[in-house]
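Next come two complexes built around subunit A: one with subunit B, the other with subunit C.
Presenting the complex of A and B:
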């Protein structure tokens, strides 16, 4: 789970390879605003995605607590910026509610919504990272 | 035995780029001639230009800010750009200089943008 602006988001752990600090960012010319650039990470070049811009709900303001998590889905991988990483939570599939059509995050990019009993943790948007990565690729190709 | 390639590293608007050094005919002062536009962004000072030969045989100019130098790098340090970052044909890849990704551009292809 991680926070991003006013949002609390979750990603299935099998889609997360690593959480780390971001290295030097190389901006890309003619790239959509949601892709901030690329970083070199362990011998790999990864696109860096600002999920707030990608979801159309604002833009990330980098802070010292900011982290990136490396998201993977099949052959696709990308680094996603987060304001802060909350931690790992076990969620029962029975506790995942359908994503509301009128929510901040497009329903087609969500696996659903979960709520936790922990203080300070409200509704968590559970991202469908496979669709997020596929959508990021399609948007890049369409430009 | 490691294969190597010579790349010319240059800067445009504070961002480092690299190109196959064999594509560069000469490094020139920037002048008011038609170039390939600003496919890598607008140069901050634009005092230099890379002159290269396009596919049609004609010479083209890319205005840049400065040349950092020529480096001999291992082919293994070059990477393709991952799909969400692969847009059009500029740039075509990256050279990993430690943790920093320096974008590789194909000057000949750039002439067609």
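Presenting the complex of A and C:
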């Protein structure tokens, strides 16, 4: 789980390869606004996605303690920026509520909404990272 | 007397007449007899009628007539002289009566004389006495007049003297009162000057202690300046140390951050390993919590360092301000010291002046007291003088009265 802007988002751990710090970012021309650039990580070149722009709910403000997590779905992988990482949580499938159609985040990109019993943590949008990655790729190719 | 006096000188003819009458017969001698009878009675105007006689008788009658004529003449002459004498004596008596009754001396004139060998010198002496009296009265009158005017002058002078003496007494009284006031005033002045001198003495004492205090103040200021310089030094050192701590904290922060990431990824790996990695995940989570705690602590330390930095900056500013404040304090102190010095000089002068005034007013008081005593004596003398001049005025008034009375008395004698 991580926070991003006003949002608190969650990603299934099988879709997360690693959490790391932001390295030197290389901007790419003629890319979607949601793609900030590319970054080198362990010999791999990964696109850096601003999820806020991608979801159309705002714009990321880079902070010094910003993290990126590297999301994988099949053969696709990308780095996603987050303000901070809240931590790992164990969530039962039964606790996942269907995503509301009227939420900030498009419902087709979500697995659902979970509530944790911890204090200070509200409802968390659980991202369907496979779809997010596919959608991002589609957008990048569409351009 | 008047009858006797003519008889004596007629005695010789009387016997002649008798003899003639008796001799010439009883008839023919009647005219002679008649004439002789008349003569015997004092009537010498009767004459013997010679025509009726003849002879011898006629001759006798003629002789008798001659004798009678002579006697009559003598008698007339005597009568005239007697008349004159009586008149003169009357006049003298008159003059005497006038002198005695009215003091009149003018009735007698020197022309009143007589041929009488006996009365003449008497009248002459009387006249001389009158004349002498007249001269005397005139002189006395003149003297009385002069005396009166002189007495008047004396009275006027004496009255004036009395009034001026009274005025003098009043003036002296006033002067005495004024001197008394002056005495009181000078006593007051002396007292005030004494008070001023005392206050000046106290002020002098205070100014001296003020001078000492200012000296101490300046020393304290210098000490404070040195101390604040030391404080500024210490603050600079402290600031450097704090910077160093900051660097160390940065390193710790970095390490904690990396540990956090490592723990997170370890937890991720543990969760991927499934049931076997569960314990590993728990350890990783603990590690992460520790790293987060360290991060929180370093954050706190950083905040503290920021606060310390601000505080040291403020302290440095304060030390600077204190330094400049102490410098201006030193300047003010030296200014105050010089001001106190001039105050000391001024107060010293004031004290001296007040002492001089005190001394002078004391002398003045003594002098005034002497003057007051002298004035009292003068007043006494003046009172006596006034008394004496009053007496003199009374005496002069009496003298004037007496002179007037004398003039009045002498006026009774009319000598002009």
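As a working rule, the second predicted complex is superposed on the first by the 143 of 143 C-alpha atoms of A that agree within 3 Å, B and C clash if a C-alpha of one lies under 4 Å from a C-alpha of the other, contacts with A are read in each partner's own complex, and residues count from 1 in each chain.
Throughout what follows, a residue touches a chain if its C-beta (ideal position, glycine included) is under 8 Å from a C-beta of that chain, and two chains touch if they have at least 3 such contacts.
Only a predicted model underlies this, so the values are computations on that prediction, with no experimental measurement involved.
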*Side-by-side fit of subunit B and subunit C on subunit A, or clash*: fit
*Angle at subunit A, subunit B to subunit C, CA centres, as a multiple of 10°?*
100
*Contacts of A:88 with subunit B and subunit C, given as first, second, both or neither*: second
*On subunit A, which partner's contacts cover more residues, subunit B's or subunit C's?*
B
*Report for A:123: first if it touches subunit B alone, second if subunit C alone, otherwise both or neither.*
neither
*In the overlay, answer first, second, both or neither for which of subunit B and subunit C A:65 touches.*
second
*Look at A:73 in the shared chain and tell me whether it touches subunit B only, subunit C only, both, or neither; answer first, second, both or neither.*
neither
*Applying the touch criterion given at the start, work out whether A:13 contacts subunit B, subunit C, both or neither, answering first, second, both or neither.*
second
*asked:* Per the contact definition in the header, classify A:96: touching subunit B only (first), subunit C only (second), both, or neither.
replied: neither
_Just to be sure I read the superposition right, which of the two partners does A:41 touch: subunit B = first, subunit C = second, or both, or neither?_
first
*Working from the superposed arrangement, determine the closest approach of subunit B to subunit C, counting only CA atoms, in whole Å.*
17
*Residues on subunit A in contact with subunit B in one complex and with subunit C in the other?*
none
*What does subunit B use to touch subunit A in their complex?*
15-16, 39-41, 79-88, 90-91, 93-94, 96-103
_Footprint of subunit B on subunit A - complex, ascending_ = 23-24, 26-31, 35, 37-41, 43-47, 49, 76-78, 133, 136-137, 139-140, 143
*Flag every residue of subunit A that touches subunit C in the complex, lowest number first.*
13-14, 16, 18-21, 65, 67, 85, 87-88
*Tell me, which parts of subunit C touch subunit A in their complex?*
257, 261, 264-265, 267-268, 271-272, 281, 285, 288
